[in-house]
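What follows is a pair of complexes built around chain A, which joins chain B in one and chain C in the other.
This part shows the complex of A and B:
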């Protein structure tokens, strides 16, 4: 009986220990995006000035697509990082902000005070946010020169992280 | 043609024109409904709707049913259908549009999974590695029943031991009689 209990106990506990061990290998806060490695879903949205921005028209340069809001503290912390990156990559990359569940007036007031790093797009009914599977703000999708989603970053990015992601994306699929 | 005849013919032409206009408007509405407010990219991803357009109470019920199978992306353990937050409300509105356009439950779940990953499903699909989640509880119950059955048999053994006791008594009686 003791031997049987030992075998049954091992049969139950060993798989559980293996699952636990596998769990330690990944960050529980990270949810992999199924879009990474696939063509970025296309969209046409109006920016705050009423100009139409089409993702397809931006092909040929990497795109930083950032979903953000003024109620989100990490977005506010990330704002200067994006401003500096947009200055450094001017003419070599596109920076697009998409309003994520926020008032246009609040966004406009924020941008007046802190400056803009690219067109800020209005996303009616969160169509684009849903299409990109956005779980929260900020979330950034790095799209390479061939229009493929190379990376999804949840949370605020560091300057070095954004620099590395843009360098990789500017090289396309060969990188 | 007499004046009354001309008037009747004009009324018939007007009625026919009104009917044509009504049919054209209905056709345009149906086309919009079929598209489900989707762009080209989304239509390619979803493919043609597998069912017929739905409306009224049935639309409400089906949209709620499908929304309750999806995880609210910004809540803890709430479904899209039950969450009041903006992100879930937008998703529920999208589900409603897709159901109205005739998309099936599996098409809609697959569409959201294509954007958010499998985590967006509140219950994992019973296939591949996920089968462990479905099979393990059944295996655990069977193993538990097996253990209980063994214990019950062990407890029932004293009844058999009663026969041994009778043999012992017989031996004692024989020893006393001697």
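This part shows the complex of A and C:
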């Protein structure tokens, strides 16, 4: 038995295995948002009917802020999930859609056919999307009762995921 | 029905492997012929079970049998038939099943082709292959089971495979080639383990080991190239290699395999480097398992990686078992693999081989560090970092140039001791080729130092390769053999130097394409034009095509070159129901001189498009060079299959 070879071999390989194992602790595909845990950037936007919606005025109930577009297939898939959640949480949470790189007319036609789940906000020059660091659609920010961003979800949400996020956000900072 | 049949076959394979391992090791230790015969039978049962299980899956995919979970996951009635077959390796579970099938084919190959002789090594070899087989069968039978019945209600249609795999014909050949290369490394690994367990590595065992090493190396070479080609034709960024972790994962075992092929040559010729060769072969296999782990576990982010899956920890466990096993086995037995003492002088071909090995190992280490650094940094400091192209390029360019120089100088040097006059003659004789190639590169407009140097070193190495490759055949001719017989008798050497020729062509082409790329971007309305390097590109129109599995926006671009019409190119943006972002399909006009590469970046509602055009010279020669490498490998194997005559 060549002890030196054994010791050197194990000294090189075991730490490598440990490091590889530690890699499981996080998912490299997620791009964490620096906003999570911080106050949500405020905004005042007009919705499709011309009413002004201000984020600050919604404090006290959780907010689902969803950036979406009609050209985006996962947004279309997510649409019924949001409709159902908005029904279940009616009066207990706010649901806001923000148009992301899309035409107002296309959005209106889409909503006529499939129904709306909340006010749809027009974001001129994508200023709000930029402040939220949105890089694709759909992206959803869950803002809790105190106005803190609790979670960012990239891609379509499942009904159970949205339910869980809303329950967490409605409990406020204590949860 | 298909579910139960598939699961039954996988369990049969698992049983055959699990039985074959102890029987095989016993047959090796006890030199028992009946036990070896049983090991062979169990190996064939394993191979047959894997082949049959894969066939069951392919039939289920073709019949759109959504009661099988994997078919429900990747199948779709809208997918064309050839893409449906590709779905076999488009997702995790199916790719592991396909892996098992390839491993079975290699195991059966060893059991059937190595029938005569080597009885004392063969039991250990088959048993080791079956250890790997046991692990894969276990994965297929349990955590990565593609045959699981779909929970009720059974869907009437599925989402179809990953859109990236539906985009190009190369996806049909690239993954299988790479898998054959990866999985095939199990055989030389098992043969090296057998040599360690026997405590002996004679030339009689080295020859089959080298041949079984060459086969997967050849496939890996072509598989890596096809991956680069696919990336170039599909991903739309105009490049072919991005030092992506998964690209690196395939490149690492290739580097050590190339080193092993060369050190095995020295071992065969001089009897030295025995332990070193064995270690390289073992490391090559470990790197394939590391690569598989990186791809399948989801610990790195890459275009290729599958999502995080429960088999990641199992793969890590297997990697740990293999690494620790190899370390223990080496420290226990490596002292028995005594080489003949080296008596070579400093300036000799042996030294050339040693340097080549050291450079390749340094290259491996460099790429390995760059690939694993993000994982280590996150584990230690909790920060996400990525090691980008600049690191890899800065480190690899000098190593590659040194390798290219050595590819000329090494083979030019004589074996063993030689007097100064002979040495000078050997080294100076190819110099005119270097000068001519360097001047030619300059005359053709090469004003970049790297490119001129690449051409000069390439010219030198090409001359040496042609000279050395034909030398044995010429010697045979002088001995009275016919030209055909001369070539037939020295196929191995010719093949080896043909591979060198391919490497040189690829290298110079990479140097040119990396240094002379031009690109332009612009927003075009119909009738609008872009100009780039003698090309005038006119945007005619954009059309929306609805197909069953995708919606495509195709832009028609008329191309003229110096006023002459070169037809139209149709780059597209494809929208798949399962993707967040559209996928671009570039349109490429390839010629031997340069490629014109067009991608649509976006299509606006007013009918204008964002177009990117890239002109890259010499890209076609990269693919040609790699195909020449593949051809050379085939010649080597053809030569290795024949008994060896007198050497050069």
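To be clear about the criterion, the second predicted complex is superposed on the first by the 150 of 175 C-alpha atoms of A that agree within 3 Å, B and C clash if a C-alpha of one lies under 4 Å from a C-alpha of the other, contacts with A are read in each partner's own complex, and residues count from 1 in each chain.
Operating definition for what follows: contacts are C-beta pairs under 8 Å (C-beta built on N, C-alpha and C of every residue); 3 or more make two chains touch, one makes a residue touch a chain.
Just so we're clear, the structure is a prediction, and the values are computed from it rather than from any experiment.
Contacts of A:9 after superposition on the shared chain: chain C is touched, whereas chain B is not. Applying the stated contact rule after C-alpha superposition, one finds that A:34 touches chain B and leaves chain C untouched.
Which of chain B and chain C touches more residues of chain A is settled by the count: it is C.
In the superposition on chain A, A:113 makes contact with neither chain B nor chain C. When the two structures are aligned on the shared chain, A:133 is found in touch with chain B, with no touch to chain C. Shared-chain residue A:42: touches chain B; no touch with chain C.
Of the two partner chains, chain C is the only one touched by A:17; chain B is not. The interface of chain A with chain B overlaps its interface with chain C at residues 1, 136. Residues 39-42, 45, 73-74, 86-87, 90-91, 93-94, 112-117, 119-120, 140, 143, 147, 150 of chain B are the ones touching chain A in the complex. Residues of chain C that touch chain A in their complex: 293, 297-301, 307-308, 312-313, 316, 319-320, 323-324, 326-328, 330-332, 334-335, 372, 375-376, 378-380, 384, 575-581, 605.
Residues of chain A touching chain C in their complex: 1-6, 9-10, 13-14, 16-29, 71-74, 77, 103, 136-138, 154-155.
Against chain B, in their complex, chain A makes its touches with residues 1, 8, 12, 31-35, 41-44, 101, 125-127, 129-136.
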